[in-house]
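As written, the chain order gives the labels A, B, C, D and E, with residue 1 at the start of each chain.
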Amino acid sequence: MSEALLELNGLSKAFGAHQVLDGVSARIRPGEIVGLLGPNGSGKSTLLNAISGFLPPDAGRVTIAGTDITARPAHVVTRAGLARTFQLPNMPTRMTTREVLRAGDVAAGAPRHMLRRTGRDDRIDALLEMFRLAHVADLPASSLSGGQKKLLSVALALRGSPRLLCLDEPTAGVHPELRTEMVRILKQAAGEGTTLLVIEHDMLFIRQLCSRCIVLDRGHLIADCAPDELEHNGAVVEAYLGKAVQKGKTAR
Amino acid sequence: DITLGAVIPLSGSNATPGEDQRRGIEIAVKEINDAGGILGEPLKVIIEDSAGKPQTAIDAARKLVTVDKVPLVIGSYSSGITLPMGEYLVQEGIPHLNPASTSGLVRKIGPTSFSMVGLDNVSTEFAAKEVIANGWKNVAVLAVNNAFGQGVAHEFEKHLEEMGGDVKTSVLFTGGQPSYRRELQQLEATDPDAYVFTAYGTDAALIMQESYELGLQTDAPWYSILITMMNKDTAAEFKQGLTGMDVGYLGAGGEGYKAAYEAAYGEGFLSAYGGYAHDAVLFAAKAIEMAGTTDKEPLLEAIRKLGDEGFDGATGEIKLDADGQRMSQPYLKFKVDGNALVPMD
Amino acid sequence: MIEASNIRAGYGDGPDILQDISMTASAREIVTILGPNGCGKSTLLKTVAGFVRPRGGAIRINGEGAETVPIHEKVRHYGVGYVPQTDNVFRTMTVTENLLMGARDLSRDTRNERFEALMTQYPTLANKRRRKASALSGGERQILSLARALMAGPRILLLDEPSAGLSPAMMHDVFEAIGRIRDAQDMCILMVEQNAYEALSISDRAYVLSLGKVALTARSADLLNDPAMERLYLGGDPDA
Amino acid sequence: MSDFLIHVSAVACLYGILALALNLQMGLSGLVNFGLIALFGCGTYGAAFAHLWGWPPLAGLALGLVFAALLGLFFARLGDRMSEDYWGIATLSLAEIMRLVFTNEQGLAGGAQGVSGLPVTFAALPADTAALARLALYAALLVVAFVICQRIARSGFGLSLKLMREEPQLARALGYDLARSRRIVMVVSSLMAAVSGFLYAHYLTFVGPEQLMSHETFLIWSMVIIGGIANNWGVVAGAILMQFALAYVPFVKDWFDVPSDFVAATRLIIVGGGILAFLIWRPKGIFPERIGGSHV
Amino acid sequence: MIQFLFDTVIRALDLALIAVALSGVYSLIKFPNVALVQYSVTGAFLGMLLQQAGLPLLVALPLSAALVGLLAMLFNVLLFERLLEEGSAIALIGSLALSMILSAVFLLAFGPAAYRFDLPVAPAMRFMGARVTVHQLSTLAITLVSLGGFAAILFFTRLGREMRATATNCVLAAASGIGTRGVINATVFISGVLAALGGMTLAMRGSVSIDLGTQMLLPVFAAAILGGLGNALGAIAGALVISAAETFVTNTNFGPLFGQDFLFAPASYAQTASFALLVLFLLFRPAGLFTSEVNRV
């Protein structure tokens, strides 16, 4: 059996009387691309926050490659190899897009002399090009459009080739053409050794990208299967896909 | 023209005594010019605002010395400003006349610094004697929490205890508060024979009002150190039976000064400090007259000589000791009558 | 109802984001605006709403010139409802209060009636009436924002990506509801969307923007059946 | 005239260092410090204690630096727990506590009477030379502080500080340890402030609690804002401009021959009105921050 | 005990109105307008002038409050709207500068002396063992009524809801049909009124001089923050907590603990107590007493 890269063990979190996560356990093996699905408010983002050090869980354990990172601060988790994006990305007002990317480089530990060299900037340029952000590279990052901010945050998380990349709805607000492009980019990253955990509602994207899906409903895992099996899973259809699947729209 | 400089707090928390100092200076300048000026030339005093901030005061003093080239600077009010300013003037060898700061540290400023005001130990000794003579052995002291108030409280306690009295508690209050009930209740809790206090006009007015409201004035008598500086702002109904001490504006200079002041400003003194500022100008004028010049060395010489001989000002005779500090000061007992202060004895 | 002609607009002293845009939308019509990220869709919506003042061109609502009418006046006079793309809830207020903010000028009865109707329609919100909006999840906020706009019973509805972040079931519900209110209330709906397929299936016409200009305008049905469109805007197979 | 100029320039240099320290915190890192003057006070009281205890002045410097570093670390520690507005008021409170303690504890350092008679720097030189030497020393230190700040602003670390200022959550997600950045910034800038305070004490030859009033902090704030937040050139320019303006305000009164009863009001109106006019005229400061200007 | 409670309440009275005013504007336009303390001094002076001009106190108080409210609005329109475009730090410095100018005006018009309302003063009455003066009671009443009125506006009127909405999300508020500029000005007006009433109630109990504003700034600031920025009524709780701490420190005889008759913490440490309390409080409640927003990513 292969060692799990990310292992969740009985994660729980409540806000007041509202139990948002209720004993979630899961294992993600290296190299997998896992989709995390679930209805709105089911606790997906909360789960990601609990993993990445933004919200200490009430109970349970999180390990990355065997290292216990439960309730460790975010920067420690990041150093253990995790990168994440936010569902609602906010970007700085007094920094340009390029500067934000550069700050990402620095965080990823690029040595000073590397940063100075233009070669490094070429990589930023390539990334900007890839995400269609080149023309806004020197604008304040906060003035980007909603979709562009999303793209920037994904680009930022890709820097430094993390071991585990967690994306919170990377395609919401992103143009379909770029979604396709993003599938390609993410698959390439996976090919280079990054494991992915992706929260998403776009079933097409999920189907194209993921090898496996886990579905969360009211804080419980209700399914763990291949993307194609989702619409045959009564519980998932009931809780998540709803009528959409019957009309076959998502099956497009 | 002969131009002197003065740095006083015209804004900030000490603006009231600062304004009084300004009036004292203004009256003195007028007196001198009406009498024909100094060495036949009109006198002018450039007054700068210290804003109660050391940096502003130092900037002003530097400006007076290096730009206006005044031969002598008068100032300031609180010790926190007088000390650094005086030290700067001493470094430059410029004569410095301290018209207000009574902290003992003033003595150490340096050889070209002179005080027109008797330091804490003089006034508090007088007050302590009075208090003992009134038969008050256990007293509660209230003073403003700055260099002046701390000095007074400390010196008063020392003298009173030497004379066999006891200070039950010394409460220091921060000026400018909207209420002093807490301080007053602390005083009251010690059940003293008398309350001894020193405070500037606006604070004192509130203190007297609140002590009246709290009934503290019926329990025990109140005694004010430097009573003139609080008398003006306090309404008559809150200070019945109040006694206190202050510099005597009596004799030749004092009466005239008082009359001129009241004529010019339509009210009594704002504080005790206008008189010293006034005397500082007169003293400087006399010294210049004696030296026949405004040059540093002869002027310093003249100041020392004048200090030795003694000089009659509105605040009585000004005689300086070897450190250039005023040796004695005529103090008077006062009691309040309606809104007015009347000397006792 | 809405008629924009030759609009130019931008932010601060920056370049024109909208370069020359003309579009219309009438009552009982859903108009979808499509286009790549950063092409100016939200800016167009903001200009129509009145947050961004056009640098040139004219915006007429109900035949009246409305370029300089501030947004709150438009809300009151023309019954404009606006759902922004981001930052779309009153964070410090509860779900209930958020909804009531939408109901400024309503009588108590209508207000309660609509409130209860929306609560039944979106049970997700009903469970969280007293929750502060800042605690809600992304999708819950999206729904709250839409519900807030619907509370006022708008005649013109400007929706900036109403389906972003919604689960498939919820997205389906929301689009269905939008289609229904157009018919029931003669509403004029201008909607920016990235989930083009679903949006086009309920809308009547569509504009495709590109770099601040209208690149294409067509009936939704035609676009849906256009294979080129499919490849360009609906997402293809990355491996193909 | 030139003596006065030298004096004003010397003090302006010290304020420049202080303004740079504030800018490092507030401008670059978004640490809204309303208690800056306490860090300055560590320097002045370091000098005062050394003087009281008969230590050599440089020991006072060391003392001041240690105080300031500790206080800076404590500030940083508080920052781990509170958001910026609340942190601002916490720092203000601590600065006030420090001032009140020094005012009330007469045994500590003279209470409200303060400590006077500190030796002036370069006392051994003749007066004119000493003044110039002091100016040269302060100016040199200002340059050093400027270079340090500029290097920080342009380094990768500076970039991370900007990100912390703007979007702390994003910075955390990228793996920055904000607590550590805050500690570094606070210690570096506290040391700068303490050096400035130490020199100031030995310039004025007096140390007292009145120097620690909270409006002194606001004065430094005005300098930073008038100069241009987050731009080191601007901040130094702001400090110099402001200090010169304040020192030269009394001349305005002389030119117009304002009667002495209006002196204070004139001063307040010129200073307040000047700041307002400036803010309206150049709201972004003399040298605004250049967005995208970091060269890593 | 009763006396302790009473002293606490009275001290809280000093702070509450102005703190609520500060926190009210802060929540809306996101900068602490330090000139507010000067507005209260203005209110007090204006009230006294009106009374001297022959108006009865009951007319002079509201009239002066309304005038100060208008003045606050005027400054907002002429000055702060413009400065706020560039950020809150700039507006903060602007309000400091405005404070300076206002104190210059006071200095010219009134000089540094202290002024009182022309009111009869009587010794304190005994009320359940505590000493109370008439003016303390009447200003208590004024404060309660105005704070109650403000709370009612905030929670039970449309204006109040609109204020809170605008404070939270100005863009969305406009999109909900709220004229945000008008709402902001209304709030600024109310804050001016409250600040002026704060100043006048102070002057009714004691006296007011031009320096009062500066002296009040820090405690008022502290109370507003302690209550939770942006939570206008939290400032009342903040004022109460601070005054309780101060009163406890100064009114408690620590003597018996140390085997002495009397040992009071120096009254000058009262402020230290309130600041220390503030820091401690923030350590345990890093976002003030009351917060209305959940922090989540």
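The criterion applied here is as follows: a contact is a pair of C-beta atoms (placed from the backbone, for glycine too) under 8 Å apart; a residue touches a chain by one contact, two chains touch by 3 or more.
Just so it is clear, the structure is predicted and the values come from calculations on it, not from any experiment.
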Message: If each step moves to a chain the current one touches, what is the fewest number of steps from chain A to chain D?
response: 1
Statement: Greatest Cα-centre separation from chain D belongs to chain C
Field: Interchain centroid distance [CA atoms averaged], chain B/chain C, Å
entry: 74
Message: What's the distance between the Cα centroids of chain B and chain E, rounded to whole Å?
response: 35
Query: How many Å are there between the centre of chain D and the centre of chain E, using C-alpha atoms for each centre?
result: 30
- line: Expressed in whole Å, how far the mean CA point of chain C lies from that of chain D is 50
Query: Touching two or more other chains, which residues of chain D qualify?
result: 103-104, 169, 264-265, 267-268
Message: Which positions in chain B are in touch with at least two other chains?
response: 11, 15, 18-19, 145, 172
Field: Sites on chain A at which at least two other chains make contact
entry: 45, 54, 86
Query: If you go through all the chains, which pairs of them touch?
result: A-C, A-D, A-E, B-D, B-E, C-E, D-E
Field: Contact set on chain E toward chain D in their complex
entry: 79, 82-83, 85-86, 89-90, 92-94, 96-101, 103-105, 107-108, 214, 218, 221-222, 225, 229, 266, 268-269, 271-272, 275-276, 278-279, 282-283, 286-288, 297
- prompt: Inside the complex, what are the residues of chain C that reach chain E?
  reply: 49, 51, 70-73, 75-76, 81-82, 84, 87-93, 97, 100-102, 104-105, 132, 134-135, 148, 152
Message: For a test of understanding, state which residues of chain A touch chain D in their complex under the given definition.
response: 52-54, 73-75, 78-79, 83-86, 89-96, 98-100, 102-108, 110, 112, 115-116, 138, 140, 153, 156-157
Query: What does chain E use to touch chain C in their complex?
result: 158, 161, 164-165, 167-169, 171-180, 230, 292-296
Message: Per the contact definition, I'd like the list of chain A residues that touch chain E in the complex.
response: 45, 49, 54-55, 86
